[in-house]
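In what follows, structures are represented as structure tokens.
The following pair of complexes shares a single chain, chain A, combined with chain B in the former and chain C in the latter.
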Partner chain A sequence: MTTPRPLLVVEAEYRFYRRTWRGTVLTTWLRPILFLVAMGMGLGTLIDRNTNEILGDIGYLAFIAPGLMAASAMQTAITESSWPVRTGIKWRKNYWAQISTPLTPGDLLTGLMIWIFIRLLFVSTAFAVVIWIFGAAPFGKALAAVPAATLTGMAFASPMAALAAWIKEDSTMVALFRFSIIPLFLFSGAFFPIDQLPNFLQPIAMISPAWHGVELCRRIIIDIPLTLPVWTEVGYLAAALAAGWWAAGRQLTRRLLV
Partner chain B sequence: MVESLVVGRGLSKNFGEFTAVDNINFQIQAGEVFGFLGPNGAGKSSTMRMIGATSPATSGYLRVLGMDPMTQGVKIRARLGVVPQEDNLDRELSVYENLLTYGRYFNISRADIDLRTSELLEFVQLSERRDSRVDPLSGGMKRRLIIARGLINQPELLILDEPTTGLDPQARHVVWDRLYQLKQEGVTLIITTHYMDEAEQLCDRLVVMDKGRIVAEGSPKALIERYSTRDVLEMRFEDRDQERAMPIIVKVAVRTENLPDKVMIYTDNADEAVARLSRRGVHPISTLIRRSTLEDVFLRLTGRQLIE
Partner chain C sequence: MVGGGQAIDQTVARMSLLLARLFPPQSRPTRRAGRLLQRNLLVYKRIWLVIIAGFCEPVFYLFAVGIGLGSFVGEVTTGGQTLSYAAFVAPGLLAASAMNGAIVESTFPIFFKLHYNRTYDAMLATPMRVADITVGEILWAQLRAGIYACGFLTLMYLTGLTSSPWAPGAVLGALLVGFTFSAAGFAAVTFMRTWHDFDMIQLVILPLFLFSGTFYPLSVYPPFLQPIMQISPLYHGTELLRAFTLGQFDWTLTAHIGVLALMGSVAVAVISRRLVGTLLK
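Then we have the complex of A and B:
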């Protein structure tokens, strides 16, 4: 029986993952719990005490839970696509071993994307379960947002893989993480509607796929109307995934087939 | 005539302005051990990567197992074994898991890999380390594991890029021994090395590369005959005696090299040359008589200047 080549990469990722899964279980479950406790319950109590016109009768916990689900998928995707590509080329060097077999750089990329997709399904489902346990939404609705959160993550996974293959220095990677991931997270609309931002920042926040993902998840879980039509949102995320995939394919080929 | 396993004609590889491989021609026959010999930066590794179908040639003709690496890389790599210069084993995984992971990339079933793994670990003398992690293994063990890994798909052609660089003498001999056995089994081997003894021991035929070009080609024996003499005399002198002896030495030698610490005298009959020099009053403090080696050929062709 012949397995398609990208799935052989997924298989290898899984074999490697079995060695390191303990650490990821902690982040998969602990991250949603910590965020919902600190932000939803802690900060939320303070916010809910003053009734406000922005959130209406939705509690803060219910408001941020879907947003955090999308933003959390983004974080997982970024971690899973950046360092593995980096170390695959530079430190673990497994990419070099892989391309000396029948695998191509395209196979490595497709395999990585499938692997991240599977990881995002798990992480987002775990997040949905935590949302439900916290009583922030009914289980069915939280679960219905898993595809949207997964797509949000994928919209970051491929561009990040492209960047990780393109950037030469590790210090550049670290700087990128430090100065872009946190703003992406904070201004994604997960914590507050982006129309609360200063006017000049709003278009910047809208460029990030995170905001589109947050909007989608919120629409599915708590029925807040979308700013843009649903297909525009989905299309935007899909376009980011496709553009990133194309760029990552190019960069990986350029780096590996020298 | 049987088509050669690997054919390169007018093959070149540029990296921007830099020409790593400059218009080289070679043919490698099935069953032979073929060497690419040369100093660092001669273009050996670049040539290896082109043959390994992981590096597109800039220009020229290249066929590996009758196929074009540019368009049929996947099929070529399925039938190749590659032992890279740089160790890219998965340090976190065990010896067995490394072979399993790599074997699966070739779509070999798990059952077949298990069978093959025990044979291969036996072959490279690592059976007892099957389940230990790779990280703590010695350099020689890692190298043997990479060789085993390169053989997992039963390749027709095994490409080894400096297989013994950085190994201690015992480990080198174990590797040579294994490679020699592979040759006996009919596996075609392509080896790059800058160790002359390695090339002399293993290679049926080799090319000497320098600055991206092939500067000589043939069997180790033929190369020595053509580019060196049968014997070499290495004479060391007291301070100024060397300069005084040179005019006499030149007359009895086929070729000489006047080095700061000694004179190399190339001759086809060392004993006779020593006697003649002695009769003419040349008295070194030490004389070493030895047979010519590939190293003499190599140094003659690529020079003594340090290339960096």
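Then we have the complex of A and C:
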């Protein structure tokens, strides 16, 4: 039996990762710790001295921990599917090397998605462990949110890969990051519930998969009632993943098989 | 007295030799640094979206943190003055975005120009000197940082987040922060070999961003941690800008300026040395 072709792509990613993993380990573990200390505990001391209707008796640390878990999965997914895809096509050109073998653009995409899925599982599990160590949630609940956070990340991975293959200028990528990724992070509901936003901004925040992911993780970890039913949230994220996959497949084929 | 004149001449000659050794011609900028500015202006005319994005970033942060979190936090007391959270956090965000902008601008693009595009090698084939490149790139970063800071400050005035007559001074403060970090970022890049080294920059920038008194006053920390936080150069930038937008001045201001200026100058000296070493082999 031969190895399925997408798994060969996963192997390539893994071999590359084996030489470059050091930096990612630091970011995987340090990011959650730093954010929870700074925002959860530092800013939390300012917030928790006020009585608050929205938070009730949940501390701010417990409130943002699930949100940050989803947001951090989103950021990992975007990092792994944006510049690496561009580099593969444009600078390192390893996609061209791969395409000259029996691999198809579809195999490249499937392989990349499997790889990002594995990375997200690791990153989210690390985040869950950190949440538990900080005492922001029981271990079981934190771990239960890992699939939700991973799905949130995947909902960004495939659309981002499509954009990275589609955009022509590098400067457009830089602008895209500042115009969309940072607002997605800030207005995802990770730091505060989006009903704090002005009315006209709320529907915009609800379009973003980030908000759905944050809601889902928060529901699993701290039992805050959801605005929408669970299956709508999961369905929305899955739909974003599927749409992105389709678009990314088209764009990669267009770029690599002309 | 003729002999004395000769001795002086000799001393002058020796001194000038020493000066030339300490500050080789390549490390002294000329007016040609302006040519690099001109080149960058021409390039960015085509990618102006990046400039707009640089302005929007701190504005997004101000909206999210100031308005979204503001209702959670309520009011903050600093230096005996009680103010809304948005007014407290705004100068901090300006400082943080001056740092972020400076780092983004002085790391990736310069690494690219240094190792892939070889832009600087091409420039050195002209009468441009290494110091012209250093000064030109830093001036360009300053120009952009200045534009962003002016925009952000106008917004702060319009939304009533500052009413201090000293607030325009915050633009100068933001320029100083920008200078320090673009020099530091540039200096760091001259030591980098691969793209993976950029993780190290993130490793430094993220703690600075989170623990420099941007989002909450340092007094939140236990007393033994506070001196550690004060090592952060961004902390000094934040305090400097906050002094201007709140109109609270005392002698610590000179210390903040001193730390930033010293760090920036050391970085500039490092850049000149490293670039002479790498580009003029």
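By our rule, the second predicted complex is superposed on the first by the 257 of 258 C-alpha atoms of A that agree within 3 Å, B and C clash if a C-alpha of one lies under 4 Å from a C-alpha of the other, contacts with A are read in each partner's own complex, and residues count from 1 in each chain.
Note that in this section a residue touches a chain if its C-beta (ideal position, glycine included) is under 8 Å from a C-beta of that chain, and two chains touch if they have at least 3 such contacts.
Predicted model only: the values in this text are computed from it and were never measured.
The superposition on chain A brings chain B alongside chain C with room for both. Within the superposed three-chain arrangement, the count of touched residues of chain A is higher for C, of the candidates chain B and chain C. Judged by the touch definition given at the top, the superposed model places A:Q202 against neither chain B nor chain C. Looking at the shared chain after the overlay, A:L8 reaches chain B, while chain C stays out of its contact range. In the superposition on chain A, contact of A:I99 is made with chain B only, not with chain C. Superposing both complexes on chain A places the Cα centres of chain B and chain C at an angle of 80° as seen from the Cα centre of chain A, in steps of 10.
In the superposed pair of complexes, A:T125 makes contact with neither chain B nor chain C. Judged by the touch definition given at the top, the superposed model places A:R178 against chain C, while chain B stays out of reach. Of the two partner chains placed by the overlay, only chain B lies in contact with A:F16; chain C stays clear of it.
Remark: least CA distance from chain B to chain C after fitting both complexes onto chain A is 9 Å.
Overlap of the chain B and chain C interfaces on chain A: residues 20. On chain B, the positions that touch chain A within their shared complex are 15, 49, 52, 54-56, 73-75, 77-78, 80, 82, 84, 86, 88-93, 97, 100-102, 104-107, 109, 153.
Touching chain A in their complex are the following residues of chain C: 47, 49-50, 52-54, 56-57, 60-61, 63-65, 67-69, 71-74, 76, 85, 104, 116, 196, 198-200, 202-203, 206-207, 210-211, 215-216, 220-221. Those residues of chain A lying in contact with chain C across their complex are 20, 22-24, 26-27, 30-31, 34-35, 37-39, 42-43, 45-47, 50, 52, 54-55, 60, 91, 169, 171-172, 174-175, 177-179, 182-183, 186-187, 191-192, 196-198.
Interface residues of chain A, counted against chain B in their complex, comprise 1-3, 5, 8, 11-12, 15-16, 19-20, 92-94, 96-104, 256-258.
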